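The following blocks contain the structures, represented as structure tokens.
After this come two complexes, each holding chain A, first together with chain B and then together with chain C.
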Partner chain A sequence: MRNNNETLKHIINSLIPVILAFALGAIIILFTGNNPLYAYWILLKKSLFTSKGFLDTLHYASPLILTGLAIAVTFKANVYNMGVEGQMLLGGFFAGLVGSSISVGNPFIEKFICIIVAIICGMAFAMIPAILKVKCNVNEMVVTLMLNYGVVKVLEFLTTGVFKDKSAGYVATPTINDIAMFSRFGKSRITAFFVIVIIVLIVMYFIMKKTKLGYEITAIGKNPEFAEACGMNVGKKIMVIMLLSGALSGMAGAGWMLSDQFKYTLSFSGNPGLGWDGMLVALLGGHTPIGILVASIFYAALKTGSDSINMYTSVPKEIVALIQGIMILFLAVKFLKEKK
Partner chain B sequence: MALLNSILYDTVYHSAPIILCVIGGIFAYKANVLNIALEGMMLNGAFVSVLVMYFTGNIFLALSSAILTTLIWGLIFSYFGVSGSGNVIVIGLGINFIVPAIAKFTLNMMGVSNISLQNISVSDFKIHIPIIDSIDIVGSILSGHTFITYLAFIGIIIMSVIMYQTKFGIYVRVVGENEEAAISLGLKTKLYKYLAILLGALCAGLAGINLSLERMCMYTNDMTAGRGFIAIAAIYCGGGKPLESSLYAILFGISRALAVNLSINAGPMAGIFDTIPYIIMVSVLATVSYMKFKNVRVRGYTF
Partner chain C sequence: MKSIIQTINLTKKFGDFVANNNISLDIKEGEIRCIVGENGAGKSTLMNMLYGLVAPSSGKILIRGEEVKMTNPLTAIGVGIGMVHQHFKLVSSLTVYENILLGVEIKKKNSPLIDKKEEIKKVAKMIEDNHLQLNPTDKIEDISIGERQRVEILKMLYRNVDILILDEPTAVLTPKEVDDLIATLKLLKEQGKTIIVITHKLREVMELADSITVLKHGNVVGDVLKQDTDEKEIARMMVGRDVCLTVQNDRKHTVEKQVVYQVDNLNVLNDDGKKVINNVSFKVNKGEIFGIAGVEGNGQSELIKVLTGLMEAESGNVILYGKNVTNRWPKELRKEGIGIIPEDRYATGLCREMSVSDNCIAGYHDNKEILKYGLYNSKKIDEIRDKYIDEFDIRLGDKNGVIGNLSGGNAQKVIIARELASKPKILMACQPTRGVDIGSIEFIHNEIIKFRDQGNTVILVSSELSEIMSLSDRVIVMYKGQITGEISPTEVSTVEIGLLMAGIKGENKHEK
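The block that comes next holds the complex of A and B.
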């Protein structure tokens, strides 16, 4: 019974910020001279209440689930890996390069290689702040934020220069081979990548709830000194957590590349990027796998809806980014006290 | 020689906004409420000053509204973080999200991609110091900057005095080091945290005005480009000491100036130079932290 109570509090604590953010957003929409209820209806109608729209929403939610998990494993341990965006971009970029240059014939092996390459890239990126944190005691948040800017610039340089597709009329890397692409199910955009994401989600649920590592993540998050004093090798665990986070982010990038984008452009991850969206998803979902699933579907619906809001009303689509920011702000505060 | 001159001039030019963020941010850092919203607050200063200037043409109104709105962000940050005891990192992230979204929203409503001011030019803001201006090389480096740029460098001294010579500075540090002790002494710990954050917001707002209105007379989206985070890295490197942290900010200024000036001659390689400042900051941060903790001999992981 007490457990149920805690879950309820958890849900309420996630719902209040959403409601407040939408209420504030409504006031802003009123100022632009539109009807907020109509705007919100437009925002959610297509993406949640039609079968094609809902499947599209699931498609857009897939990378968010992975980046959300990547954020959740680190934030839960009070390690702030802000580099998820950069790790995701790096993974996506190299998955795209491998997908366009190497052709092994078998579509399964081809995709497998692309995803593995992306995972390695994500892990390599995450390794830098992890080593610096554990060996030199550098704040991981600052390092990952800085490296994000660095990665964006490097990829921009590579895309506009070395790896630019000469035949394309705009700045992009070559399109990946057909066998590397995930094919769509029916008319909607959803692909087999969503199935892979759900498998990863189940594995992560198992890791976070049932294994020693999951327990250790929670323990480090609550009190690292105590965890260390109990004989846990906190430094080593932080490395493992960061690598796990990097792998998930890299995989998100690969999936987005192979199932949606097919080539790296400068707006590969949209605005704000998939990594940043993942942060909101993780916070909204209370760092639990099931919460992240629900939150990412909700958020993907908002994001896909933001295109139709631009079409049918005169509200700028940045309203969604604004609502997202307000949500994060309110999510920082726990409205009901949760048991630690 | 001309290249060296322009590198040194640009060093002063690029250091100023970061120094401002650093000398404001150290108080929040010392009070143990790390303010990563500096980035968003700076962008707010940059955006509001240009926006108000664009619509009213009144420079005084532009400056005061920019500073006032940035202080409001500071109040929101402290209300959620100090009074609501929320997670300051998440609050900071939220503000860093909201401010650019507001700016993009407004620009979209106006139907423009950036605001550039027509009735005022960059040279109006440049101050030429009488005597120094006439000295050959020094004049070309030190003279001809804007008011807030000079204020940033003077601010290093002012903030050192506030931090070490005033009651306020001492109390802020006590609150950060040991909050229970501060409470038992009867200090209003929340008040000092609020003031520390607001001081940071004020400086970040000034840095934003410097960035957009004073230097370029225009606002473009995301024009702060991570300077707030670089300031936080500088604060970490310098351990929150005003002078040391500012030196790291100047180091970033140098690397930025190098990147800008070298990329002019680099041709297609120019893009890669943009990464220099970030790489330098990460390496410096790593080295400094390594030196600091080299002699700490604690079993296992240190905190």
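The block that comes next holds the complex of A and C.
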């Protein structure tokens, strides 16, 4: 319930880094002897203004919305879950295993089981730093960050060893059953998973705005002493928040598995990874559900558009990674002072 | 004796609030000067100006007769002023000598390396010269508070300061450590140092000071030599007030002899393991305002924190209507019918960055009235907010804005409105009018009396003596975590209660 002036400032603070990143990117494109305006036009047209491109963009945005929400829900409470990437990978991995090994016959139930398994994995994995923080006062940022590297290695071990698909010519787990896959709508990549994500987004919007949990998250984030004095059990609430974040992360992994990857490979999450991208998205979107939606679509548009840039101009597609990098740098600066 | 520090009409304003008003001091070389006054009298602001932490709004500071513009603590150290803060600024993982020489390390000849041996030798010599008990190679985290304070003093001495300012140096010390400190300071005086001590503990003032300056509401109200005064006079200067707020408090109602709230042998330790509440017991009757007076820092804050569920008691019982509610959560206490006006409005009473509406429901945010099927009814919450604004005459610019925009008085009214709305039986009011404008003070006082007249009970903690005296039906006085006396405010003079507050159990107290 902040006033309009503050919201406007916030939007400007998110837009300036984007504009600056594009401006610097333009200079580099000029050096390659191309017209930056044309390159950007291609980038946006192919990702936002054609129906296939736009739907593809929404498809790539889906897991980002979930990981973005997972980050935002903890950052709002001044708790830092840096382990979204790991929780997401674990969720995706086990969703893939379940999807390839069991068969219940009903496509809905099959997908439901996969997603639930992923959510449980994400929550269980987020539970470790949560317990350490609440019971032993261990900094959750360090624990969550380090666990990411651990889980990557463990999953690599499992993928190359026990769960390796012997028939595949490369390192991967078995492909999930057809009935576990979300099928595409028409020619684009978009699936029903996007619809689920939007429903989750709306639910999260209400949780943050309208429920006791949302109220308590805000209070804990802004003034934990006050929260405690108002009778909130801050430790218990931090657990709940971490679990919620883990659940969203796990769900993101399951969705990515069932709608795009269909098997766990070592590049399942791409580079820098859906969890890390989610962090940027949450930051760009100011940790609000609507902001995250917009930021995810924008961010995914860069991803879909990068291939077109490669195809229609002689600008290398790495320019997009460059722009993303510059954007992160500028995001660290608050250009307009916001009331804290 | 020569003057070493003079201030001429030094004034500091924070917005409309005048923290220091035309302060003219004249501190002589080689004396111990105590600056006394109640909390908020402007002592710390004055010292911060001398140490370059706060820039004066107007007026001059002269050091040894020459005007000096204090822009930061380095200028102050440059002219020989050192300050020991109330909260020490030491690196706890480093040793004593490393802390003392931090920033001015001694290096080996022609090498960038630190000469540890030389450093330890030098510090050991300083410790010996000043007759201090300290081991230069101990880590700060392993030594006591009193020893840490000695490190702070040595840190300043090493930087060749000859004027030493100590801000409330005894607040955190045990009695033995206080004695040691006094001895050290006297020794330093003999060596020709000038010492300024900020304090509100009168006993120490009399032991330590050569001269005394009394501040009140940002003004100097007394400037005396020790031999010309006594503790009683200083107490009167500190607490006796020229403007007395008159409260319409006809004590006609009858206090029923029914104990509703009872504290038995309460003992509380703070985080440092120091005993801050020592065997406190009292009983509160239905329909009375029960005042707890005392100079700040004598355990009242901790007492109210324990009674409102923000701190844990070591031993003892708190009994509400025959039910043991010791160490319960604030939420449970509110459910039992206790309304809480906390001491620190913005730390535990309100959340500055949340909206007025959000603050109006805090602590009662799972009330069925506003929370249905897990969702908040924001229309209902806004209605509650509007009702409070209306009934309590809360003045604000933007109803939808954050509460941080409200003035202190209006923010306090939000808390009072919220706490009274739940119809509690007992109201815990801690410093209810601190930093509140005159108009709101009156309003808040009347609300408290109205609440009492409806047959409810109030426990009032305040360091404003006039507030305690005009509102309460019965008053206990706390000193060093203990109750030094119980009085009836209509029968006892302000001066007498002031003496109890200073820990002096009045010899000539009227026996009634």
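Here, the second predicted complex is superposed on the first by the 329 of 340 C-alpha atoms of A that agree within 3 Å, B and C clash if a C-alpha of one lies under 4 Å from a C-alpha of the other, contacts with A are read in each partner's own complex, and residues count from 1 in each chain.
Basically, contacts are C-beta pairs under 8 Å (C-beta built on N, C-alpha and C of every residue); 3 or more make two chains touch, one makes a residue touch a chain.
Quantities reported herein were computed from a predicted structural model and do not represent experimental measurements.
Undergrad: Return first, second, both or neither, reflecting whether A:228 touches chain B, chain C, both chains, or no partner chain.
TA: In the superposition, A:228 touches chain B and chain C alike.
Undergrad: So which one touches more of the residues on chain A, chain B or chain C?
TA: B
Undergrad: Looking at A:219 after the superposition, I want to know if it touches chain B, chain C, both of them or none. Which is it: first, second, both, neither?
TA: second
Undergrad: Report for A:166: first if it touches chain B alone, second if chain C alone, otherwise both or neither.
TA: Once the two structures are laid over each other on A, A:166 reaches no partner at all.
Undergrad: In the overlaid three-chain picture, which partner chain does A:211 touch, first (chain B) or second (chain C), both, or neither?
TA: The second partner, chain C, only.
Undergrad: Where on chain A do the contacts from chain B and from chain C line up?
TA: On chain A, the overlap between the chain B and chain C contacts is residues 225, 228, 233.
Undergrad: Under the touch definition given earlier, write down the residues of chain A that touch chain B in their complex.
TA: 28, 32, 80, 128, 132, 134-139, 141-143, 145-147, 149-150, 153-154, 156-157, 160-161, 224-225, 228, 233-235, 238, 272, 276, 279, 283, 316-319, 321-322, 324-334
Undergrad: Note which residues of chain A are touching chain C in the complex, please.
TA: Residues in contact with chain C: 1-3, 206, 210-212, 215-216, 218-219, 222-223, 225-233, 339-340.
Undergrad: Once bound in the complex, which stretches of chain B touch chain A?
TA: On the chain B side, the touching residues are 36, 76, 80-81, 84-91, 93-102, 104-105, 108-109, 225-226, 229-230, 232-233, 236, 268, 271-272, 274-275, 278-279, 281-282, 285-286, 289-290, 292-293, 300-303.
Undergrad: Which residues of chain C touch chain A in their complex?
TA: 308, 310, 329-332, 334, 340, 342, 347-355, 357-358, 361-363, 365-366, 371, 374-376, 378, 398, 400-402, 404
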